[in-house]
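Questions regarding the structure given below will be posed in turn.
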């Protein structure tokens, strides 16, 4: 008796799960769900990542939207870190239940764009007149174009700049950065003047400059010396860090630690990251993007504010910046594309962009808002917010192949090691033998990834009729 | 020679042994019997050094040992569970003590093999304890305990985990194993027949006190007090509360059991407890009836008969009290029959009803 | 029917737990199996690739690095953890004043969410401000050695894993209490030294349990080392702490190679099975020899 009872209970437990499993297997991802015109009030799901301040401004944006459009509902799915955001997103897609809308960083965009799971928002919203490309900054728009289609609509157009501690500059009589300043003649001398051992323990208490040795941070150095990251931005087959000009760019960065010793050593970097060090007032200059502004403003709110400002990236041979941009993307599987597009239209409108701009975290992608007081608020630091806008015409971007994120994470491991390792024995730091070595290592470690990606891409293009056959 | 003098042991602040004095000569077997909780195991553990001693002295061949750790006392102990190492073979178990004391493996094994031969353990040497029967385990434990030729051998309920069948044989094994040894053997048990069978001298322990210590026959025949009297014997001794009249007559309630007792166990007019073993009550016609000059007769009704094979126990009812009598198995006894029961008063034990101490002059072989 | 009833009689206490386990672990694991033989990015329907993923793993130097790292960390942490747990269990098995508190302290790290203690370790290991740096400094070792030296980093990871010995201690205390007290009494009377008692009595009696725990711990260490490798050493330096589960996680949830990740997980499962099989073989031998 108890036997049948138990087995029945077991069956009852197992059944829904196995059904769910079947369902999951059957409808995974790629199928296009027909938009269900329900007519009833629908809820648009929006998944974003960011810290509390950032999430707060998203809530504000949604509140304003719902107030302006009675009957519309948007549900925010907040995630703390970008990595978790991506994991949650990919599992949601795998489960066939992606959010209608989500934010994608341009360096992760390729992962999704290549898979044909995004509904191209550009064509859809241009057709309905909800989006006019020319009202937005071109580099941001271009970053989200995939095979000639504008997949996602840029929400911001940030870039790498120099944050500097004005108080330290004044204290040690260092001239503040001027527009058009250069790396070797201006930044490095300033960094050397700022680097100080205050208590005489042979350990620097203030460092001139901080730079996270990541591929995305090193890219402007490579470009600035006339080098390239990849052989072909549209269809890259290899990284090209090992080619002459790129090597010079890498070596220029390495000199910060190997020759001039103006940046924290590994032990110091591991003990306290550059962001925290700058916030503590122990770093003269920091290479960072727009997001860091919000952190510094928050510190001001806590009464621990610094006297700081931003400056453009110093010039090497060419004036160049690196794009940082996020965009609103929409899942093909969305059941309410119209409602979702209405929200995107609002978020990209002047009203919507102003709300996010006020958080300080983003450089608005809409030109009019970028030039409005919502962004260039003279009462708020940084005083030279214009620097972000001036950089926009020089911005370059990384390729948006699907494996780009993986390439960066592989390269970053090697780059960090290279940056903090002393030069090879018997080698002068100027010759940069170790730089050549790491550039080749990175090239070799990432080449199979690019080859795989290229092969997949070609397989997609090549077989015209018999698609989806056996491997 | 094992000597205990005025030994006091307490566990968790509760006194377990009080003022215990006892000596066991080399080669002698002393058995301490007592009900569970009387402190028997504690006594052995105190001697072995496993329980701390609060007062008194323990001497082995004249040397005080109570301050020494167990391993340096030169005693051996056989535990109730036999404490054989399950992961070691019989041979390794036997050698354990010798090896622990640093004897070379070869020597230890030679000695173990020789000892094993005496108790027929030779074919078992390679086995592990779980492959042995209960009796074999007991022999291994016994052999191991004696192998070191200790000054004292302590046995804690050595037969309690054996079947009844095996016990008689195992008793013989113990006697055989100890026969050639000079060890002073102290065995504790709750089983009276085991105690009687193994003891040169038998002690009865109750609530931490040694009530009597004497050869087993003496303890049986002349118990020092009511507790000892009732503890030994199966069924237990019959006890009747009686009174000595002023004229010397013995009265049990309103029945006169005897007109006159000589010698009188106590002063006239006293209340007494009369103790009679079942074999001292005889049924009419029984060939087991004992000749006794001081026979008394009591009318009793047969209540129940337990035929035990070699004897029968007859339970009788008289004056509202149950009495047990022993008789030969052939005697025909009908239930419910009223019959004159004969009491051998000359062999009776007499006790003070208040203190329970024996009144008749008993030979008390106490501390030497 | 009778057999079923007998089965249920034996199993009805564990059955709910087993069912739950089957539901939450067994079923997903089973469903991951076909994934290992397909190319699946979570976005497109899975495409069968046969043994392609396994072949790819075979040729993937990082897979071998990760496997080697995982085995090295296990080879360090499992015996050390067992040894430490054994020592603690032998110290703590006797009821004494304050022992309860110490037992709780030994168990506490295992009950703390691993993310919490990983973050705590991050502070302990901080090369400038952490106590570990101070300790290393006192021994004349560079306090950032675990950040630069792959071997040192793996040892640090194994060291962190040592603190997860609570359950081992609990099981060993129970096992130690199972050893009859009379065997210890006998050893004392026979004059055995503390070392002899440990070597001839305690250790052999605990051996089956120790071996069983070693099996379990080896399998588990593949998983428990994941969080510290992710949070504290982040797989570095020089991929020195790139452990197999971390590599599986990265492939699955960061690079969206679910198929490849499933294949790697399958390989990890096979290695775990192999390790357990080897240890069970020894366990069998020992228990046949021992009690």
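Observations on the structure shown:
Note that the chains are named A, B and C in the order they appear, and that numbering of residues resets to 1 at the start of each chain.
What we mean here is this: a residue touches a chain if its C-beta (ideal position, glycine included) is under 8 Å from a C-beta of that chain, and two chains touch if they have at least 3 such contacts.
These numbers come from a predicted model, not from an experiment.
Chain pair with the highest count of contacting C-beta pairs: A-C. Nearest to the common centre of all protein CA atoms is the CA centroid of chain C.
Centre-to-centre spacing of chain B and chain C amounts to 57 Å, using the average Cα coordinate of each chain.
Distance between chain centres (mean CA atoms), chain A to chain C: 36 Å.
Our note on geometry: chain A versus chain B, Cα centroid distance of 91 Å, whole angstroms.
Contact residues on chain B toward chain C in their complex (touch as defined above): 45, 48-50, 69-73, 75-77, 79-81, 83, 85-88, 96-97, 100-101, 128-130, 148.
In the complex of the two chains, the chain A residues touching chain C come out as 2-3, 6, 10, 13-14, 17-18, 21, 28-30, 83, 86-87, 90-91, 93-94, 111-112, 115-117, 266-268, 270-272, 403, 405-406, 409, 413, 416-417, 420, 470-471. By the touch rule above, chain C contacts chain B in their complex via residues 180, 182-183, 185-193, 196, 200-201, 204-205, 289-291. Of all the residues in chain C, the ones that touch chain A in their complex are 1, 4-5, 8, 12, 15, 19, 23, 27, 31, 39-50, 52, 126-129, 143-144, 147-148, 235-239, 250, 253-256, 258.
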